[in-house]
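Each of the two complexes below includes chain A, the first together with chain B, the second together with chain C.
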Partner chain A sequence: MRAWACYHYELIGYRRTWKGSVFSQFIVPVLFMLSIGLGVGTYVDRGGALGAVDYVSYLAPGLLVSTAMQLAVGESTFPVFSNFEWSRYYYAMQATPVRVRDVLGGLLGFLLTRVLVGAGAFLLVMAVFGAVHSPWLLGTLPVAGLVGLACAGPAIAFAARVTSAANFSLMFRFVLIPLSLFSGVFFPVERLPGWLEPLAYVSPLWHAVELSRQFAFGAFTNAASWHAAYLLVWLVAGWFLAHSSFTRRLQK
Partner chain B sequence: MALITARGLQKRFGDLTAVKGIDVQVEPGEAFGFLGPNGAGKSSTMKMIGCVSPRTAGELSILGLDPATHAAEIKARLGVVPQTDNLDVELSVLENLTVYARFFGISRAEARRRALELLEFVQLTERANDRVEPLSGGMKRRLTIARALINEPEIVLLDEPTTGLDPQARHLVWERLFRLKQRGVTLVLTTHYMDEAEQLCDRLVVMDGGKIVAEGSPRELIERHSTREVVELRFSLNEMDELGSIAEKLDGIAQRIETLPDRLLLYAADGDAAIAEVHARGVVPASVLARRSTLEDVFLHITGRTLVD
Partner chain C sequence: MLTMVAQAKRASALFERNVVVYKRLPWNIVSGFFEPVLYLFSIGIGVGALVSGTFTVDGEPMSYALFVAPAMMAQSAMSGAMIESAFNLFGKMRYQKLYDAFLATPVGPNEIAWGELSFALARGGAYSAAFLVVMAVMDLTTSWWAVLALPGALLIGLAFGGLGMAIATFLRSWQDFDYVTGIMYVMFLFSGTFAPIALFPAWAQWLVQVTPLYHGVELLRGLTTGQVGPGLIGHAVYLAALAAIGLTIASRRMGKLLLK
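Moving on to the complex of A and B:
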C-alpha cells in the first residue's frame, strides 16, 4: 500500500536521529518531574490544595499529553516545511503514484509511532516516580496519540501554507506555549482569569489533559466521551485542512 | 500510436499564460526535445506531461490516458528528472533509490537489486552508503537520473538533465541516455545546450513565449532556418563602429548577413567562396572563421539574440 511506503520513508529518515531523540524523550519528563513535580509539588502538597492527590500524580498525566502534543506539532512543522521548501522532497513524491492522502497517512502514522514511543517512555518515568495509581493508566497512551494527531493536522496545514520558517517560532511562542501553560496541565483551568477560561475549553490539549487524568486515576466522569469526541473532531477537521493545504502547495 | 499527444495545450498561472496552446506528438522510442529561452514554458509543459500540474485548457494524452483522471496510472510508467534536484539529502545514496522504489510498490528485495544496478549505471556504486548532502552537484544529478529509472519507465522526462555538469559528467549522462534510447525507452527532454539537442534528439520543438515556433529534426531545422555554413568575420577595435557600413559593402555575398556588436556573420552555402568574395571586395577582417551551421544558429535566429527576461 502506498501510505505504507510513505510511512517507511519517514521511518528511514528517523533512523538517522533516533538515538538522540529517544534519549531526550526520557530526559525531558525526568527533568519536569524533578523540578516542577517534586520542587513545586512540595509546596502544593503542603498546602493541601489537591486533597488526597499528590502534585506529581496530578501533573504527570497532563504533562504526558502536553509532551505528546509538542512532539507531534514539532515534527509537523519544520520537517514538513523543509520537504516543500528546502529538499523539495514532496515534489519528488508527487511525481510517483503516491497521492496526497498517502503522504499524509504515512506522516500521521509516523507521528503516532513517535508519540506512542514517547508516551511509553513517559509512563516508565512515572512508574519510577511512584505516580502510577491504576491499570487504566495505559489508557493515557491512546489519548496521547489522539491529541498528537488532532494537533498535527492544523500544524501540517500551517507548515504547508507559510512561505518562511520564521512563522514557526511565532506559532510556538503565541500558540503552542500558551496552550501548554493554560490547558490545565499545571493547575485546574478554573484558576484562570474568567476571560481566559473559555479559551481553555476550546484547546484540544485541555480535553486531552482531562481525559488523560481520568485514565491515570481510573475515575471517569460523564464528560470523558465528550473529550474524546472533541479530539476526534479536531483530528478529522485537521486531516481535511492538511489535505487541502498540501494539495494547494504542491500546485506551486 | 503516439505516447504523448497534446492539442492546444495551455497552462495559466493567474494572469500569466505560460503555455499558449501547443500541439505536440511524441512517438514510441523517440527522443524528443523542448528548446527555448528562459521562461519559454518548457518546464510548465513538462510538469503537465508528468501529471503534477493540471492543464488549464486543451487536450493531453499520455500513454493513451488522460492525466486529469489517471494521474497515478500514468506516473507509475513515467520517470521524472525535474529541473532542480529534489533528493532527500539526509538519506544515503542507496536509500534514496530504495525508498523511492517503494512509492511504486516495488518489493524491498527487488528495490535493492534495481538500486544497485542503477548505481552501477550512473557510476555511483562507491558512494552507495554515503549521505547525499555532501555529494557534488554532478553526482546528485546522476542520482536523480538513476532514481527516475527505478520503476523501469516507458517514458523518461528530463528537464535540463545536464545543466551544471562538467564535460565528463555530461558525456556520461549522454551516453547513458543514448543507451536507454537503444533499449526502446522514450525520452522527452528540455535543454539549453544545442549540442545536447543535436546529439540526443530525433525531433525537437523550439518554444518561445509559450508557443512552438519551430519543429523538426535538428538536421531539418538547420536546413530550413539556416545555411550550410556560416562565416564569422571579426574586425579590429577601431572598425567596430563601422560594422554596419562594412555589412553594406558585403551585400549579396551571402544569403543573409547578421551584424552583431563585435562581428559579422555571413550565412552562405559555401563558406570559402564567401571568404574569397569578401577579400575581392577589399574588406580585410582581423580574423575569419568558416564553420558549419549549428542548431545554435537556428535557435538564435528564431528566438532572437536579446535576453527576454
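Moving on to the complex of A and C:
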C-alpha cells in the first residue's frame, strides 16, 4: 500500500513532465532505426554480412532493450539526486510511515511502467519497418523491463552516493554510452578486439540484447535461460545496493 | 588599437574564469573527448566491418571508417561549441547571474560574449586536435590536406558558437532547450554522418543541405580524404556566414538582456 503511494507520487510528477520525455523515449529510437538501420543497413544487406537476416531486423530488438536501459538509468540519476539534494522530497517522505523499500518499489514500478510503454510503442515501429518475424516478439517486453530494472538498481545506488550532479555526465560518458555502443546492439560482439570481448559478456545489456534478439526471431538457444538468470542476479543485487545506499544517505 | 587591447584583456577575464572553474572538474573536460571516439569505434569500425567491400560513395568504393571519422569530428566540434555557448551561457546568464557580477566591473556585454566564445573555441579546438591525432594514428587521414581539418573544425565551432549564443538569448527555460537538443540529435544522425545523403528522398536531401552540420561534415570529409574541390569553399562560406549572422544577433541581444 505504501509502495503504491510512492508509485502514485512518481506518476503525478510525470504528469507534468511527460512532454519532455517524448523525444528521447519515442522519437530517438525511430531516428536510429532510420539513420543506422535503413541508412547504414542498405550497405550491410548488400554484402550479406549477417547472413539471411536484414540489418533493420537485427538492429531493432537490440535498440529496444538499449533504449529501455538508457531510459531506466537516466531516470535514476538526476531525479533521484534531486530528491536528496535539491527538493529533498525523500527526507520529507522519511517523516511519514513510508519505508525505504516503499520508495524504491514505487520508483522501480514507475520505471517499469515507462519502459513497458516505450517498448510497446517501439514494437509498433518495428511492425512499420517490417521487422516482425515471430509472435514470440512479445517476449521482448519483459526482457526490456528486466534489463531496465537490473540497470536502474546500481544507478539509483550511485545517485544516492554522489555529492555532485557533475558525476552523472561522467557516468553517461564512461559507462552508459560505451555500454550502449559495444553490447552487440549495432554489431556482433564477436567482432570486438579479443581483449574487449570478455568485457561485453559482463555487460547486462549484452545479455538483454541476445535474449531480446532470440525472442524477436523466435529461435532460442540453450543460453537463453542463462541470459535471463544473469539479468535477475543484477536485479536482486541492484536492489540491495540501492537499498543500502538509500538508507545511508537518509541518515545523513 | 589600445582600446582593442584593453577589450581583449577584459574578455580574457571570462576565459580565465572558465579555466579556474574547470580546473576543479578536469574529468568533465577530458570526458568530452571520448564520445566521438567511441562512436568512431562502434559504428565506424564495428559496423564498418559489416559493410566492408559494399560501401560506396558516388559509386566509388570507400572504407566506412574513413567516411564516418570526419563526420564524428564535425559533430564533436558542433556539440562542444553548443554546450559552452548555448547551454552553459544560458545557465550563467539566467540562473547563476554570473554576468551581472562581471558587469559590475569594467567588463562589458560584448566582451563577455567574446570571452565565452573564445573559451568555447579553445575547448572545441582541443577536442578536434586530439581527434585528428586519433584519426592520423588509425590511418584515417589520407592526405596532407587533413591538417586543414583543424581550422575547419574551428570554423564549425565558430558557426555553432555564434548560433548557440544567439539562441541562448531567446530561450526562456531549460525546457526550451529540449528542442535545441532534439534538432542537434536529428542533425547528428542525418547530416551525411553515417550514410551518404544520396540515399534519402529528394526533399530530405534538400532539407539536409540547408542545415549547418551537413556543411561542416562535407568540409571536413573533403579535407581528411583529400578530395579537395571548389565545393569546399562553398561549405566554408556557408559556415562563415552563419557565424557572422549568429554573432551579430548574439552581441545585440546580449547587450539588451544584460543591461536592462
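One rule holds for everything that comes next: the second predicted complex is superposed on the first by the 247 of 252 C-alpha atoms of A that agree within 3 Å, B and C clash if a C-alpha of one lies under 4 Å from a C-alpha of the other, contacts with A are read in each partner's own complex, and residues count from 1 in each chain.
To be clear about the criterion, contacts are C-beta pairs under 8 Å (C-beta built on N, C-alpha and C of every residue); 3 or more make two chains touch, one makes a residue touch a chain.
It should be emphasised that the depicted structure is a prediction, and the values quoted were computed from it without experimental measurement.
S.K.: Mind checking the superposed model to see whether chain B and chain C fit together on chain A or clash?
M.R.: Overlaying the two complexes on chain A (C-alpha atoms) leaves chain C and chain B fitting together cleanly.
S.K.: Between chain B (first) and chain C (second), which, if any, makes contact with A:201: first, second, both or neither?
M.R.: In the superposition, A:201 contacts neither chain B nor chain C.
S.K.: Pick one for A:46: touches chain B only (first), chain C only (second), both, or neither.
M.R.: Only chain C is touched by A:46; chain B is not.
S.K.: Touching A:88 in the superposition: chain B (first), chain C (second), both, neither?
M.R.: first
S.K.: Rounding to a multiple of 10°, what is the angle at chain A's Cα centre between the Cα centres of chain B and chain C in the superposition?
M.R.: In the superposed model, the angle at chain A is 90 degrees.
S.K.: Chain B or chain C: which reaches more residues on chain A?
M.R.: C
S.K.: Using the superposition on chain A described above, determine whether A:96 touches chain B (first), chain C (second), both, or neither.
M.R.: first
S.K.: Just chain B (first), just chain C (second), both, or neither: which does A:226 touch?
M.R.: neither
S.K.: Go through the superposed model and pick first if A:78 touches only chain B, second if only chain C, both, or neither.
M.R.: Neither partner.
S.K.: Which partner does A:240 reach: the first (chain B), the second (chain C), both, or neither?
M.R.: neither
S.K.: Quick one: minimum Cα-Cα distance, chain B versus chain C, in the superposed arrangement, integer Å.
M.R.: When the complexes share the chain A frame, the smallest chain B-chain C C-alpha distance is 13 Å.
S.K.: Okay, in this complex, where on chain A does chain C touch?
M.R.: 20, 23, 27-28, 31-32, 34-36, 38-40, 42-44, 46-47, 49-50, 55, 166, 169-170, 173-174, 177-178, 181-182, 186-187, 191-192
S.K.: Where on chain A does chain B make contact in their complex?
M.R.: Its residues touching chain B are 2, 4-6, 8-9, 12-13, 16, 87-89, 91-99, 250-251.
S.K.: Please output the residues of chain B touching chain A within their complex, sorted ascending.
M.R.: Touching chain A: residues 50, 52-54, 72-73, 75-76, 78, 80, 82, 84, 86-91, 95, 99-100, 102-105, 147, 151 of chain B.
S.K.: Using the touch rule from the top, collect the residues of chain C that touch chain A in their complex.
M.R.: Against chain A, chain C makes touches at 25, 27-28, 31-32, 34-35, 38-39, 41-43, 46-47, 49-56, 64, 175, 178, 181-182, 185-186, 189-190, 193-195, 199.
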